[in-house]
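These are the structures, in structure tokens.
Next, two complexes with subunit A in common: one pairs it with subunit B, the other with subunit C.
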Partner chain A sequence: MGNLDNANPIVFLATKERNVLPEEEDDIFTDKFDTREIFDLIRVINDPEHPLTLEELNVVEESKIKVDDDANAVHILFTPTIPHCSMATLIGLSIRVKLLRSLPSRFKVDVQITPGTHDSEQAVNKQLADKERVAAALENSHLLDVVNQCLARRATG
Partner chain B sequence: MQTLKEFQTLTGHSDRAWCVSWSPSGTLLASCGGDKTIRIWGKEGDKWVCKSILADGHTRTIRSVSWSPCGQYLAAASFDATTSVWSRKAGEFECLATLEGHENEVKCTAWACTGNLLATCSRDKSVWIWEVTADEEFECASVMSTHTQDVKHVKWHPCKEILASCGYDDTIRIFREQADDWECCTTLKGHESTVWSIDFDKSGSRLASCSADSTVKIWQEYEPGNSEGVVTTDNISTWKCVCTIGGYHERAIYDISWSQLSGLLATASGDDTICVYKESPSPDSKNQPQFELVARARGAHSQDVNSTEWSPTEEGLLASCSDDGIVKLWKLEQD
Partner chain C sequence: MAASMEKHIEYYFTGDSKDASKQLAQEINKGNSNFLKFIELLGNYLSNPDNVTRGRATQLIGDVLDLLPFAFLTSDQVAFVTKFLLAKLSDHHTIQPHALQTLSTLTNRCFPLPEGLPEEICKTIFREIQNQSLSHADRRATYTIFQNLIGSAKKAIEEMGGDFIIGFIQQMDSEKDPRNLIICFNIAHFISSNLYLGPFTEEMFEILGCYFPIDFTPPLNDPHGITKKELVEALRKCLAANSEFAQYCLPLFLEKMTSDLQEARKDAMLSLIECAPVYGSKGLTEYIGSLTSTLKREVLMNVSADLVSIGKEAVKAVYQAFTPAQEEIISKDNIMAQSIVELYQDVVKYLQGSDVKKSALAFGLMQSVAASSASAFCIVTSLILPGLIVICTNLNQASEQLMFLRELQELLHTFKQFQINHNVVQVVEGNLPSLLALFEDKLNNVDNAEIQLEAMKALSILTLPPVCSTPETAQRFANTLVVKSLQDAKPGLRQQTLASLHNVVKESPSLGTTIIQSLVQKSGSCNNKLVLDAMIHAVIDEDSFKTVNGFLISKIALDVATNNVSDMLDCTQTMGELVSQQASDRTCMDLVVSETALPLLRTAVSGYATWADETKDKCAAVMSSLRKVFTVISCSIQKRDVTALWDKFPKLMLDSDASCIDIVGDFQTLKPFKPDSPWQQTRLVALLEGFVIGGDIQAMIEQREAIFEAAYVLGEHCEDDFTQLSACRLVAAIFNKVPIGGQIHWLLEPLTEKLKVAMGPNQPSSAQLRALRMWTWLTKATECRGHSATGILSSYLVSFLADPFLGAEVAVSLGLIVQDMDDIFTLKLKGNITPLYKQRFFTLNFKNILDGFSKAATREIKQNYLTAISCITSNLPLQVMKPHLVKLVPLLLMSLQQDSKSSLSHTLTTLSSAIVNVPDVIVPSVDDLVTLLMDLAKSHVNMKVRLIALKCLENLTALPLHAVAPHQNNVVRDLAGTLDDKKRLVRKQAVDTRCAWILLEKTKI
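Coming up: the complex of A and B.
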């Protein structure tokens, strides 16, 4: 465990499951994507280093998600646990891939670091916004394996 | 205003389509993408149809394709770090050569006006120039590592052996051959983010660039001894940004095409839109040109528009392609 960037992260409580309203199960209604729905998609992503989720490490928070369903826009800020976290790009990539796989293709997804929380904020943001680099990264089987491990649902308990 | 009217949708790519490129005669259109294929489209009667699929050249995404000036060769840049060159003989394409050397993803290729030189660029930050020998072989003539980040696009001057490149370091570089070696003679700074693409106008004295900062910039060449008194050093032209076109796209602009026939500019963006601009009359059009939007196709594709190119032979004919995997043909019409 000596090689971890942050060996002793603060652990936060996970939120409870969402309360599903009766009309949400009714196919007559068109549900718009809201922040909780996006949060539910990304809060369960595994941290690349710890046996914890991004939610438990407070890397993602519902309050830092903006969704405008009509404008097809999703904007996410994530907060690395420490300012020199070397995993920031990988975490951002995992969030991006999770949403690429889960949301309708009409959505434009922006994933950025919470301002002021990482030493290489600009560089990481630019890399995550470059679709060509993201596309090339996802053709790299080693990197894709690592991303898929972050996205795999862990058995709970 | 004018209208960009979609007149044909070409389907076939099974993944994102990255690039469209017209053959010099305007009779064929090549497209490529994430499905690792190149598709060649041609006209049958009134309709454009898929004429060939070149499928076994690359093991990863094909990022871009470009035709040689004679139309007999097609070069393709791939994320598999190689560039393939295809030869068209009797209507059939065969892979003539696979150029190796770049360390990782090749992003773009371009043929010089003479057809004797081919340029390639890569995420490895380098631009390579290959000489085409008489017996159809390709020899590396120069490797230029001036960019500090990955190089997204290369484009040759329309009538001189002058090369421009642009990329992730937010700059545009201009290269020329000097005393038997290639050198970067100018660096153009001004964009605030990645410069995704560049194109020269018909004369080659102007360059248009488009960027992730959502703007287009027009750069004017000032030759040594220019009448405007713009300072040049070492007998090398100075390039100055004379116009910035902003406010029309909401996201990154991935490609720009400058029509040699009409002088119109077309841009393709991550906001799913294609815009067309025309230079408007102005008192000092060389030093302070003005461009106006003449057509905008919102939702031109259902996802990011990655590439757009004017037909070299039919005025107002435009091709585009997108993350939605579709290639579209457009005509610019008067309202």
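Coming up: the complex of A and C.
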């Protein structure tokens, strides 16, 4: 294994499991998608470099997620731990793939780097927004393996 | 014989050594003299010029000894063999290991060893063996020999003293193998705690200390199963074995406590906690300053909650070691006092409260010092309490207030431990006015439930003796509690209010009367249930019980007269709680028949006519709660009281003699057991039912059979549903409890014959259903007690699954038989329960159900069998079903296809655990299962069903890859739809399930 980009990252506390409200257990009500639900999906993704989740590294935050269930739109900003992080694209791709697998197809998902937190922000954003490039990346079995490792649950991965 | 032995010996050297030694041991075991022959025959090999042969011959002795019974050899033989083996230790170096192995077997299997031999074994080993040059298995043989000798010749080892110590230290030196270390630590623990170490203390410590802290990760699939925890604990035990180690251990701990490695710091602190009581003040005095300042730093650094709490425990352990033998006021120049003051001066800057987090940590630290002993508590409290009170008073933000109030609470909690000590009480008393002012203010003026809760807890301690002896304070607190108890608060706060109220009354009983009176006055104007709840919490003795009981009885009578049903329900429920609360109080229970049961019975009987047809449901609720009261009463009173009350029931209910319960008036028309009496009357049977369910049947003799038969008739013919169920349960309860040989058992057969007729095809459907219900309850009663008739009853019930009209009802009834109930047939309620009755029921009837299913003619009938299986299995533990799962799973799958609403989620739960626990059984059905589960997950109306179906689908991914892989694409595609489920919980499970299926191959490889 080569040298790590950020060998000694700051670790943040993980949030607790979401409390289940009585109406969530009632069949009559319809629960809309909200930011916490999207956050719960992506906070458990493993970092490619460290045995920590994106939440523990503060790469993803609930406050940087926007969801509009009616307009079928999800917008996510993520923050690489350091401005020259070479893993930024991979992290973005993992978030994208996770949401591709976990959200209904009606949603349009935007994944971008928090403005001003990465040196090649524009290039990465462009790559992540390009559907064809994402699809092509997933054709590459090596890359898919790495993404799957990020998405595997920690107990098995 | 000699020839065969010779043959075996030869076979040992040329063929299968294991088999040969087994044969030899068998031969020798026939008689002790054979052992001599064996050694004689082995002679040539033992003196063979070839080293390998000599070695193996020596090994053979050990192999054979291992297979012989314990203590088979005589003491002469043992001495002879041992001396030979010891001589072998100085033979060629390749023979040493074999001699050691054989010696270790010999010391294990042969005892007692002749006098002088243990010493000789030790000395020879110390002289001849260079343990470090041997392999780990041979080193283990050496240690095992020592361990065996400690077990069998402890005295000899103790007499060897220093020789043994130094010898062992040399042998153990530089041992690295964890398997051997466990044995070494055990021996070292024996030495350190039993032998006088004297000049070897430092050596002994050196040989142990070099392993501290232990860092060991067992290899994957380690067959030896030695864990890091075991090693750490064994070493810690050694270090804590002798107080002489203090001078060497404490500097080591101090060094490790400042290490960068968290694990090392943690281990050092945990070891300190274990060692401190052994080292005592003598060992710790020299290091107390450095120890406390290091621990202080650890706590204040706040690296992790775990380290902080261990640090606090260590501080507590250190000061606990300084606890004077008798609790007395210790002088200011005492080392502990000085050290505490120094520690306080170190942290005082944090205690001011500018940095809230640090401040709370510092208080926590001082708090653990206070928890170490009463003397420490006095010193700490006088130092920190005034400051803490000021902080709590001045802070504005709720979360910060709460943090400090909790610290204060902790201090008071510690105070409770030491409150028998006069000095401790004095210290708190000194600060009482300000403490009271603080907490009373928080309780009354702060609108935060958690702060109120803390204040309430604190005041429960502070307003009562021994801290506060003025009754006015307690009175004031009690008044506040009464006011609070009548407000509808959060459950936690309300619980605490009621608990505090109970506590206050318990500690100062004089307050009880006033509290109850004030509650009685408020009962008209406030929420009835809240008042009643508070009232029963003020009951602590016979007098208060009488008062509250009297109030409740008159209230119920009034409610009956005014037909105030909701209040009546509250009162009867409260009555049940009151009786259960006082159930263990003998004096109250002696009163309960005359003061509670009879008045309730009177009210129920005299007021039955007030129920109107439109209040039928409410009447059922009131009767149910009265039934509970009677169950609790009969369960808690003495046998003679049970008899006294029982005797009144036949008179009242069979003979219409209301005067037996002292009611005046004309009750000639009162016939509760007559099926055509009005429902207002027949429902009175519920009271008797409750009474029988809870009581001891041996005390209910008078007219028992008459009641049983009357209840049976009522159950068979009564049209009122509530009454009918009550009658069935009454019959079942009596039948379950009556001892073997009772007359009632003879009644069973005629009764079942009657029921069979009633369930017959030509009867009206309502009569059939009533008979079925009675049959079910009787079956349950017999099943529970393991009655001989149970087989007949249950198989007849099962056969009714094929009945086109009753079948569906029967299916549900079968579930009822194996269902656990807490209001009938429990040990607490003196029911007759045999263990594993559910298992027996299932095993005996499962085959019949299967046969019935295969013979069933129509789809509807098959459906009945499937529902029955689903209802039964949902109440059974998986272990019981395991042997039958091969046959059961296909049926469960079929029952998934049926559209039965009630049992679907049960069936799925059973399947879900079957998938995890017995995957082999599921594999053949996996194709059907996937399709069925997908349908349910996508489109079932009930979210619970969708959720469990998805969970089952996720569990399926644990099956062998070849079984599930063909479905991967379809499942992943179809699950996309469930990601947009309208319920969030279902979506969450859908995501987990889908991801598990996508990563199917990845996790398998």
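The rule we apply is simple: the second predicted complex is superposed on the first by the 153 of 157 C-alpha atoms of A that agree within 3 Å, B and C clash if a C-alpha of one lies under 4 Å from a C-alpha of the other, contacts with A are read in each partner's own complex, and residues count from 1 in each chain.
The criterion applied here is as follows: a residue touches a chain if its C-beta (ideal position, glycine included) is under 8 Å from a C-beta of that chain, and two chains touch if they have at least 3 such contacts.
Just so it is clear, the structure is predicted and the values come from calculations on it, not from any experiment.
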Overlay on subunit A: subunit C relative to subunit B, clash or fit: fit
Partner chain in contact with A:T30 - subunit B first, subunit C second, else both or neither: second
Which of subunit B and subunit C A:K16 touches, first, second, both or neither: neither
Subunit B versus subunit C as contact partner of A:H142, first or second or both or neither: neither
Contacts of A:A152 with subunit B and subunit C, given as first, second, both or neither: second
Subunit B versus subunit C as contact partner of A:S105, first or second or both or neither: both
Between subunit B and subunit C, more extensive residue contact with subunit A: C
Smallest separation of CA atoms, subunit C relative to subunit B, angstrom: 9
Shared subunit A surface residues [contacts with subunit B and with subunit C]: 105-106
Subunit B contact footprint on subunit A (complex, rising order): 105-106, 108, 126, 129-133, 135-136, 139
List of subunit C residues in touch with subunit A within their complex: 941-943, 976, 979-980, 982-985, 987-988, 991, 994-995, 998-999, 1002-1003
Residues of subunit A that touch subunit C when the two form their complex: 20, 24-25, 27, 30-31, 37, 40-41, 101-106, 145, 148, 151-152, 156
Partner subunit A, residues of subunit B touching it in the complex: 16, 34, 60-61, 63, 79, 104-105, 107, 123, 150, 152, 168, 193-194, 212, 251-252, 270-271, 302-304, 323-324
